[in-house]
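As written, the chains take the letters A, B, C and D, and residue 1 is the first residue of each chain.
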């Protein structure tokens, strides 16, 4: 089952390499991503029915949490591939991309998908390998454009994330050491399933050190402040569909790593140590995001910073703990993935139309591109956490968790930062969307594909804002059970 | 049972209006007619529904039991009253709108407007109905967001965008406080449904109660536009289209009052005296400051917005008095004060709606909001003139119009403090009565200026020259409200019993706070002999009118018509009329300290004695904005600029951060802390 | 038994040498010597791995040792040399922090990491030594990345950190399971290659690999 | 009852000019002039009624409606105020606050009319009139509170009944303070020096006169009469709130009625004369010094309130 899930994108990637025309490669990648989505959904469904699935001699496994990640990856991946057709098609039409590059793009795209899916379903601490792979592939995707800025961004991304990931590996080794002392030197000493069982007996001091390394390591990848510095560069310089994947999914993957280790470490170090660290880093990320969002001149960077903020919120949710907190955090992962991708897609359309990333040079989107503008406004309201959109629910849950767990000050700070970010973000959004577009901007949407992709996400954003389907609720509750 | 049908009915009609607006998006006229019509039908249904709840019993159901978010509806007499207010306003405004939106035909997207309009109404009603904190927050923000989109409907203008942004941010801050308050409740009750909040209200510790009340007061106060959180209001309300600002000012800000009553009376039982005092104080300050800014405001829609602040203040005075009485175990008096507040709330929604529609129609036919540029319209727009005059008379509390009754009630309820033995209460209430009197006088001043400058004497500009009477639907909409504010003026004896039931439902009185006599006489049993009968007054005045009429019109003499006397100048033009700013000058001089007026004069002389041209510019300063809000914003901006340096762009620095945090955490471990 | 002691003695020596090699990297001003020092370090690591394999008698660790020998002490240095030749960079290491302070800071880092490990309850003396050595390698590697301007040196820094990890892994837990180790090696190799590509790109677009050029993305 | 109403109405109308005539006479006495006869105001009014009224060419119906409405409003107030008997047939219809608002109504329409003609003097007058009203209002309300808190009602009949019932005890500090406050207010309300000068027609100083500048003939007559009536009513308010002694209460016999009527006339005369004294002994103040004057009365009424509390012993 899981194998198929992994093979599908690889296969698609390879096929993409052997295509001969734009039409072909698009068709292949679309079918491939649909296949991935379907398999992913089936997998999720199975996990939902029968609990943990293990295969490949324990190397791969999928419990509720992995399934959840798989769900996010496959949905956003699918939407992104739909969007890519519109976006890259436009680039292709305007000769920014030739066929060779287009093919490379799609190949890498699907390999990227593969790596992220792998993150979800590896059973053991080898999770590290998968995450490192995501870095490598996405770096390659980033330097598709040979612009100076994108190369710089790619370099920073590469270096900083590799450093981070190295720390993560160190943390992994320490955890393994702690495990080995209990279990003896078996391959199982790395598997979640066996680790969770004995995590209680681990040496707390070692686990503390390990957790610090893991938090800094995967935190770097997840864009927690102050290790977030690479993030705005990378996310703003990557091709838009990739930005969506980076912000919406990849960060979640890194978060996934942190949360996994959080579960293990907490069992031995006690909840205070881990959750306090998470709360500190979470608040730090929120706080760091504020000034950069308020005084931002580049809308893609603004979105990137808002990702930093939202990762902070997820960390907060986990840190606050309790059913509420973790439920909120998990739900937030999903909502953020959907909303942020929506925003990046909208930003992509704007970029294609106005050919600038500067906020001050963009105006009157609602007139030049009504649909995009409308959906951008919805997304903007959602991303800043105002009802009746999905993110509000998760954020409110996290906030209330903070209150109920007695972290009053942190929660109040959280609320304060949220309001400031809302003001900053919305100010920029209003300047962009309203008013009258500058002369020379032809009215008219970009393409059906892009709008379709956005529309799918808008549905998620709105529906989850007012109604959480029971099965979805249960799914998340299962994840919560895994995490606690 | 009939309630269900009515409830579903009006919700359905608003939805229908919204949907049809989208369906017929292309055909402006058709679209506007259908959606506004269905809105008004919905309003009628809502009216019937609320009446049946007020006279019948509470109406509640839960849409999706036990899910997140849970949608529970709970409509008791209080909520029903607010639905009543909303429905009345919506009915008139919808009729008005069918005419008003013709201005936008071809220029802007009518379907979008109609859609938002209906959704806005629906969201307001849902706010009233909500019985669950999360649901409430959702619909509350929905209301704010939709109203924001309505405010920026004419988003081509930069100031409109600014106003909208300002509005949405302020209301968001308010929501933040509301969330805090709700979380305090939830912390005690362990659930987000309002029933459990009610239960929690009695078990909470005083500190929690106080903070819950305080946060709610601030949060909803921002929405209601109380001083010092009022500053968004004079920007947002003028920016919106006329019909929308009528709804926003007339109804939307009342939803905040509703929640304030809900929380402080229904949940917390108004147990602390200082709540009442603070509400009273804030109300008093809002009333006086609001009207002071209104008096000197040349832009009529801004003026009306400021006067909304004033009226919210008056409502809060009633509310505060009611809380004080309740906390002193005087439920009857508390009910009386509450009724004064509710009555004024109803009146305000009527006459303020009327005046905003009037401003809308002036804008419609003259395309200027500046009072200085108008004049002499009473000859060009006779019907509007009469209708607006009625609105003006009501808002300046002239007997026997509606405003008079509610202000009389407010004064009486303040007077009833002699039943308390707390001197502090007596002093406070008397002072606020004095300030209220000043407010009333200034309101008369302000609206006299408004009417006089806009309608009387000679037109001061081309726009006013070529103004024409507005179309029938607009007149009909205003007419309905004008009629209503006369009715509310002379028939309080029919309204008060209803209010009595409502107040009784959550204050816990018998519902016999007033006794009613012949000629619609209202008297207050709990204090000797105080009574009033507006029909009586009206009758007396009407009868006595015959005396001057007889004197005037017996043996008709001819009335030669001649120019206005202007110191023997050959002829009088609009140029030597008294201007609006000159009219309000005394007040400006009186309250120099508040306004900090900045004036500049340019005089050029043709000869030593003869002035050739004379230019006078005078501006007043918004104290709160200048001294409180701007500094805060500047501070945040400065801090942000400072903080931004961390993103230096140097990869070494970035690695340095990681290094630093690593070392810090190492130290943390070595120190052996957990 | 005696072998073990013997092994542990040699281990201690080797670890000391590894630290020394790290300081060589810190101390040298020329790219070539840095690369050479790194090669030596990797070679020593391979030796450590061999000893561990010998003392535990696990054959997969021999493989690991072999891989280390080939990839880290041969292939990667070669790649470095190749890059240096290809893009004709100046041979000097440009510094933010001059030599002597860097040496001192390196020393301080070693001390910190020693105390860090001391504060953790570790069973065997040896593994504590190894662990502190690896921590100091990791931190010094990071320090190299911070204090040297050339992109190449940052690459080198990462690899030093890698070595630190390897040391830790091998001496603490006698190596991770083979699968994982292979994965790690694979990743490191790919990583180096991609960084190489990037460095070429940077050199092409910026006419230098001096990272001071890469400061355009701000705010 | 109806008879009493009609009687009171006409009594007010008849007495009002007489009062202002007397005041004028007294003033001229103090100014060592002969001055016009006491009945002069009647002659003036009759003269005006005989004259044509010239109408400005840009006035609207407001201009014509204003005299009627304001006159009726003032007169209506007259039926709510006890003149010589506490029992008011229409007492139920309105209390002290209602009276104040009726005056406000009258003022409102007069001021509107002043703007209607579009002359700058009219505007000036209206503006100042409303300004002074705004100045007066808080002090007025506060002093009313001081009185009403005492008796626990704002019904005028009831107030004078109770106060007269108290006998001499009513002469308590707060009564007096409140009276002085109200007296100052009365000066302002009746448009007398130092607030306004009823005799002047100098454009820059006149207030009430400026408002009715465009009126002539019968309309002017009505306006003037209305002003006189208002003056009479305010005086009788002062009289019957603070010194209601001797006023006939419910169902008093004919002799008592006559007596109380005489008492009333005397009170009014006293107040009128003292008013004249004040007018002659002070000079008119600048408009922007008026806030000082009225803040004095505000202070006084506030003190009245405080002393009421003290006396009440809380």
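Throughout what follows, a residue touches a chain if its C-beta (ideal position, glycine included) is under 8 Å from a C-beta of that chain, and two chains touch if they have at least 3 such contacts.
Quantities reported herein were computed from a predicted structural model and do not represent experimental measurements.
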Farthest CA centroid from chain B: chain C
Winner on C-beta contact pairs when B-C is weighed against B-D: B-D
What is the distance, in whole Å, between the centres of chain B and chain C, each centre taken as the mean of its C-alpha atoms? 70
How many Å are there between the centre of chain B and the centre of chain D, using C-alpha atoms for each centre? 35
Taking the mean of the CA coordinates per chain, how far is chain A from chain C in Å? 31
What whole-number Å value describes the gap between the mean CA coordinates of chain A and chain D? 79
By the touch rule stated above, which residues of chain A touch at least two different other chains? 155-156, 159, 163, 167, 205, 209, 232, 292, 295
Pull out every residue in chain B that's touching 2 or more other chains. 644, 647, 651, 655, 658, 662, 669
Touching two or more other chains in chain D are residues none
What are all the chain pairs that meet the touch criterion? A-B, A-C, B-C, B-D
Complex contacts: residues of chain A adjacent to chain C: 59, 124-126, 128-129, 132-133, 136, 139-140, 143, 146, 148-149, 151-156, 158-159, 162-163, 166-167, 169-170, 173-174, 176-177, 180-181, 185, 187, 189-190, 203, 205-206, 209, 232-233, 236-237, 292, 295-297, 301
Please output the residues of chain B touching chain A within their complex, sorted ascending. 64, 67-69, 134, 137-142, 144-145, 152, 155-156, 158, 161, 164-165, 168-169, 172-173, 175-176, 179-180, 183-184, 186-187, 636-637, 639-641, 643-644, 646-647, 651, 653-655, 657-658, 660-662, 665, 669, 674
For the complex, give me every residue of chain B touching chain D. 375-376, 378-379, 393, 396-399, 404, 408, 411-412, 415, 417-418, 421-423, 426-427, 430-431, 433-438, 440-442, 444-445, 448-449, 451-453, 455-458, 517, 519, 521, 523, 527-533, 536-537, 540-542, 544-545, 547-549, 551-552, 557-567, 572, 574, 576-578, 582-587, 589-590
Contact set on chain C toward chain B in their complex: 96, 112-113, 115-116, 119-120, 139, 142-143, 145-147, 149, 154, 211-212, 214-219
Contact set on chain C toward chain A in their complex: 116, 119-121, 123, 134, 138, 142, 145, 151, 154, 158, 161-162, 164-165, 168-169, 172-174, 176-177, 179-180, 183-184, 186-187, 190-191, 194-195, 197-198, 201-202, 205-206, 211, 213-214, 216-217, 219
